[in-house]
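I'd like to ask you about the structure that follows.
Just so it is clear, A, B, C, D, E and F label the chains in written order, and each chain counts residues from 1 on its own.
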Amino acid sequence: MRDTLYVINPNSSQAVTAGIDSALARLRRPGGVRIECVTLADGPPGVQTQQDVDRAALSVLAFAQQHQDRAAGFVTACFSDPGLQMLRELRGVLSLGISECGALTAMTLGQRLGVIAILQGSIARHWRNWGAMGIAQRVAGEVAIGRGVSELSDHAATLEAMVAAGKRLRDEHGADVLLMGCAGMAAFRAPLEDATGLRVVEPTQAAVAMALGRIQLDW
Amino acid sequence: MRDTLYVINPNSSQAVTAGIDSALARLRRPGGVRIECVTLADGPPGVQTQQDVDRAALSVLAFAQQHQDRAAGFVTACFSDPGLQMLRELRGVLSLGISECGALTAMTLGQRLGVIAILQGSIARHWRNWGAMGIAQRVAGEVAIGRGVSELSDHAATLEAMVAAGKRLRDEHGADVLLMGCAGMAAFRAPLEDATGLRVVEPTQAAVAMALGRIQLDW
Amino acid sequence: MRDTLYVINPNSSQAVTAGIDSALARLRRPGGVRIECVTLADGPPGVQTQQDVDRAALSVLAFAQQHQDRAAGFVTACFSDPGLQMLRELRGVLSLGISECGALTAMTLGQRLGVIAILQGSIARHWRNWGAMGIAQRVAGEVAIGRGVSELSDHAATLEAMVAAGKRLRDEHGADVLLMGCAGMAAFRAPLEDATGLRVVEPTQAAVAMALGRIQLDW
Amino acid sequence: MRDTLYVINPNSSQAVTAGIDSALARLRRPGGVRIECVTLADGPPGVQTQQDVDRAALSVLAFAQQHQDRAAGFVTACFSDPGLQMLRELRGVLSLGISECGALTAMTLGQRLGVIAILQGSIARHWRNWGAMGIAQRVAGEVAIGRGVSELSDHAATLEAMVAAGKRLRDEHGADVLLMGCAGMAAFRAPLEDATGLRVVEPTQAAVAMALGRIQLDW
Amino acid sequence: MRDTLYVINPNSSQAVTAGIDSALARLRRPGGVRIECVTLADGPPGVQTQQDVDRAALSVLAFAQQHQDRAAGFVTACFSDPGLQMLRELRGVLSLGISECGALTAMTLGQRLGVIAILQGSIARHWRNWGAMGIAQRVAGEVAIGRGVSELSDHAATLEAMVAAGKRLRDEHGADVLLMGCAGMAAFRAPLEDATGLRVVEPTQAAVAMALGRIQLDW
Amino acid sequence: MRDTLYVINPNSSQAVTAGIDSALARLRRPGGVRIECVTLADGPPGVQTQQDVDRAALSVLAFAQQHQDRAAGFVTACFSDPGLQMLRELRGVLSLGISECGALTAMTLGQRLGVIAILQGSIARHWRNWGAMGIAQRVAGEVAIGRGVSELSDHAATLEAMVAAGKRLRDEHGADVLLMGCAGMAAFRAPLEDATGLRVVEPTQAAVAMALGRIQLDW
């Protein structure tokens, strides 16, 4: 029985998974598909390098293969979407990525996307993705907050950094919609909208929202 | 009470609206948002020219303004998405277009989009839209079936023409996913997939599926 | 007798029309086509929102249909080019838009276009247009002066804001030619060139200049 | 006294210059700027190779320098626009190229440009130009008629080849407007429109029409 | 001592590695860097799916980590360049991919690249790569020969299929240079040039040639 | 006997040629192809304007024609690559340009290229080239140091200006790799890397490194 949408956090941080899980509360409905957020115990503490991404990809695949019978769909809940293209080779299962769906959703909320990255070193990887998606023309710019995984737990400072990045994207790069380049930080979405006056996309919510509709369509 | 997603068929054809309505059956859920498909009585029999599009835009806006209090969202159910950008100026209401959402959805199902237009004369307008969306690089090509509104009622001949267009997009243009450039023809989706071996996106279903998730998020 | 080029100001401001009219003086020639600048009385005071644009489009069309017999051509004299694509469906009449022709002309005067918008809220609409035209790669950036219609009558302050925007486009965005994103401000063109050292395109002049040649060619 | 627009045919063929000259008849007006078509005696019989282009560039420059005092403007009347960027360094003189203006004009007549080249070997050079202009996205395709300079004098066969190329651009590449990639063949424009049902741009006429307006503006 | 350029065939086929090795003969020089072609015993027989690619990526990384002390550089000798971005995180070691270098080299030999893929299913992956590289505009098209790993051993039939693909890319897609989308088939390069009249890039040779220079520069 | 790679400095500055020559020391090998750096005595002191470029092109061609019998290849050692496309028409001789190869090399070292130009007036010409190469999407920005040929001899001030430009490209434009837009300044490469923390490409070294491999392949 394919009744579960698995939202796969490929890092080993239960706190991140918990953040994702609570952000999806409003997408859960009685009688609707189960939304299960999972932590990959063998994942890295945070996905920061390309090696983290590519290692995580195989963990994500392994999880998906083990749960394919129950899966109505999979969402890769890391902004580098590890394993997404592999999951798409699994027949008959929907797979969506948060980076992908975050960007596609932002494209309906504004014209010029400003992406807030966590780490400077991830930005080149993101641009490769915008290029692969053929949407680089829509990306006004990307700015990193420059905080490592451990520093993210200081919420006030993290929000402050995100607001600063958002304002810079708005004022210097001309962004008119913001995309959070990370998972598990949905709590910052509303304050970021308030502080910048721009619509803000939290990519895990965006991806799960898209996935629910696609599951209903069985596409 | 904002409890209704209005799917607005901007032409006056009840048959098209009925086709849209039945295609959305699987997206309706007990307790979910109401999905109401409406026909604009003052619309043209079919939206074919730019003048049809631009006139329809104001009818769509008028409808939206009248129903804004009840609206959880609006979907412009015509592949030229008449009025979409105006609807987005209405505060606090989601508005999505079927051309837009059809393309965004196809971008998660394949890399090179083949678009099946109804009329040759619409293709330039569609390309302007792909350009405005910044996704022209993802569009492998667009082929028209060249049948007017009245001829579409011959379903067998219409399907045959769509299959021919789909195969041409696949074999000559290199498309690996197809997007139907029309509303109200969801019944052709499955046969078109079978005949071409490619995934096919019906844009009204794609848009409503996206809209339902967005309404739950209140974005 | 098709002897008139109608330059249609779709807003109801006679002052704007007068500004356009005087800017076209040098394009008038004895024995040449008549250039008639018209104000659409039913237009909005200024075209600021998408709704303004789309409503103006139908007024522009209505005017064109009424004057088609006399028309050697039409120019939509608003930077959102309301109705332009509809006018192109009128057989045998030239129609050009000022946004379009302003950009095409700027492409012969520099490599990287800097666009000076009046309002921040119009910039996304302009980017959709640059995308639809397939020239987004040539646009270095767009900066708004952020002054409403009523504030534009303070010429000194408006010019100061335009110069500031132009310098920012030049120094931060790398623009090497400027395009004024408005109609009726031709008087600012020369001072803006002097202040920035860049060539500046006034789009109504650009469009009418192109139109005159096209009328002679009967294209 | 700057009263002459020089239309410079950089090859040595008087027949080509004569063809250009007669095509410009309708752009001449009593009291208007003089339009003088010149043949560069030291040019190659036809501009076919990059070496032809780059050698012609210096001849064009030499001519322009000698005639700068009389020049209201220069048009490089060869589809490779030899010397155009150099001419633009001459202060206070307008310079336009036929390839450039042909493409810009075609962009107002259709969405997807089909370019008819004379020689296969020129197509790569043209694509470099569309790329440099940032408009490659608007070029649906380019097809050569594959006839050398000497063969072009057989008008019937040349027209037949152009019609075949135009139809191929329309039917296989999806072009909705055609651009003739050559100078001196204005006589084929109307028959090509008739045979293909598409608007056809003759680039020398396009460039001179644009130049006349620009000279009036003194831009 | 970093004296070896490792050319890593990520599939387990010794025959492919042998083909690569012999193709590199002309790049070997007395006193020059050692060029060692290696087969990854744990690789798949052929890299065909995304799963093959992503699994191979980790094998490639493991090999590189083990040989980093001896490595002057690494070349990923599979057209999907498995692991390339991970290798680039290894400090102080050059890493180049054959798909990447094949395309960059082809960009110096022609303007419009025609890519010959082995399998239809790889083409979408390749387009993602051209997009990520930001060079999609230079790719005229991609055609697959549609032969699996086992069928490639029939050299005559494989060459015939490659020639057919090359001619189709030249005649229908307008390619003026060909890029072989595979490793280990250098023997087909010259006959393919002869049959099509176009320059042909063999990507492993292209990548190793670039790597040798870069090693000398110590970049 | 084709045994020499000619690196052609198209300006008449022996100092520039000497700078190029010493930068290539590490690319010279016993038994390898001779690398000969030449100064074109009839070149301008520095290539600054388009006229300089286009005049230099013919000098470069003349040199190449005279030395074709001895030439294993030619490198145009000026960032405007004068004559490159003409050289490519010489049969059987490799020709590469430093702008071209510098950019292609930078594309393997980072995702977003920051180009350091000498003169502001060259930037438009460079953008035309990035467009012609179809790689404009990869160029984050270009900043000029604004120093003329004579000022470049003040090395400390020149380096300081290059570091400032590099930091601006990194911090404001988001560049993650730098490309020096000039020849003969290889000595600044390492200090520029140290000061900015980014990889820096010296284009003459990049081009000669690529050329050596291509000569070995006889492509």
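Here is the rule we go by: a residue touches a chain if its C-beta (ideal position, glycine included) is under 8 Å from a C-beta of that chain, and two chains touch if they have at least 3 such contacts.
The chain lineup, named per UniProt: A, B, C, D, E, F = Asp/Glu racemase.
Predicted model only: the values in this text are computed from it and were never measured.
K.L.:
Starting from the defined contact criterion, work out which chains touch chain B and chain E both, please.
P.N.:
Touching chain B as well as chain E, we find A, D.
K.L.:
By label order, what chains touch chain A and chain E together?
P.N.:
Under the touch definition, chain A and chain E have B, F as mutual neighbours.
K.L.:
If you tally the C-beta contacts, which comes out ahead, C-F or B-C?
P.N.:
More contacting C-beta pairs are found at B-C.
K.L.:
From the mean C-alpha coordinate of chain B to that of chain F, what's the distance rounded to whole Å?
P.N.:
Each chain reduced to its C-alpha mean, chain B and chain F end up 51 Å apart.
K.L.:
Measure off the straight-line distance from the CA centroid of chain B to the CA centroid of chain D, and report it in whole Å.
P.N.:
Chain centroid spacing, chain B to chain D, equals 41 Å.
K.L.:
Using Cα averages as centroids, what's the distance between chain D and chain F in whole Å?
P.N.:
32
K.L.:
Counting only residues that touch at least two other chains, what does the list for chain C look like?
P.N.:
Correct list: 128, 131, 133-134, 136-137, 172.
K.L.:
Are the chains arranged, by touching, as a line, ring, star, complete graph, or other?
P.N.:
Graph shape here is other: it fits none of the named patterns.
K.L.:
I'd like to see which chains touch which, written out pair by pair.
P.N.:
Here the touching chain pairs work out to A-B, A-C, A-E, A-F, B-C, B-D, B-E, C-D, C-F, D-E, D-F, E-F.
K.L.:
Along chain C, where are the residues that touch chain A in the complex?
P.N.:
123-124, 127-128, 131, 136-137, 141-142, 172
K.L.:
Spell out the residues on chain E that touch chain D in their complex, using ranges where they run on.
P.N.:
For chain E paired with chain D, touching residues are 110-112, 137, 172, 174, 176.
K.L.:
Where on chain B does chain A make contact in their complex?
P.N.:
These residues of chain B touch chain A: 26-27, 29-32, 96, 100-101, 104-105, 107-109, 133-135, 137-138, 199, 201, 205-206, 208-214, 216-219.
K.L.:
What does chain B use to touch chain C in their complex?
P.N.:
Contact set of chain B toward chain C: 49-51, 54-55, 57-58, 61, 83, 85-86, 88-89, 125, 128-129, 131-134, 136.
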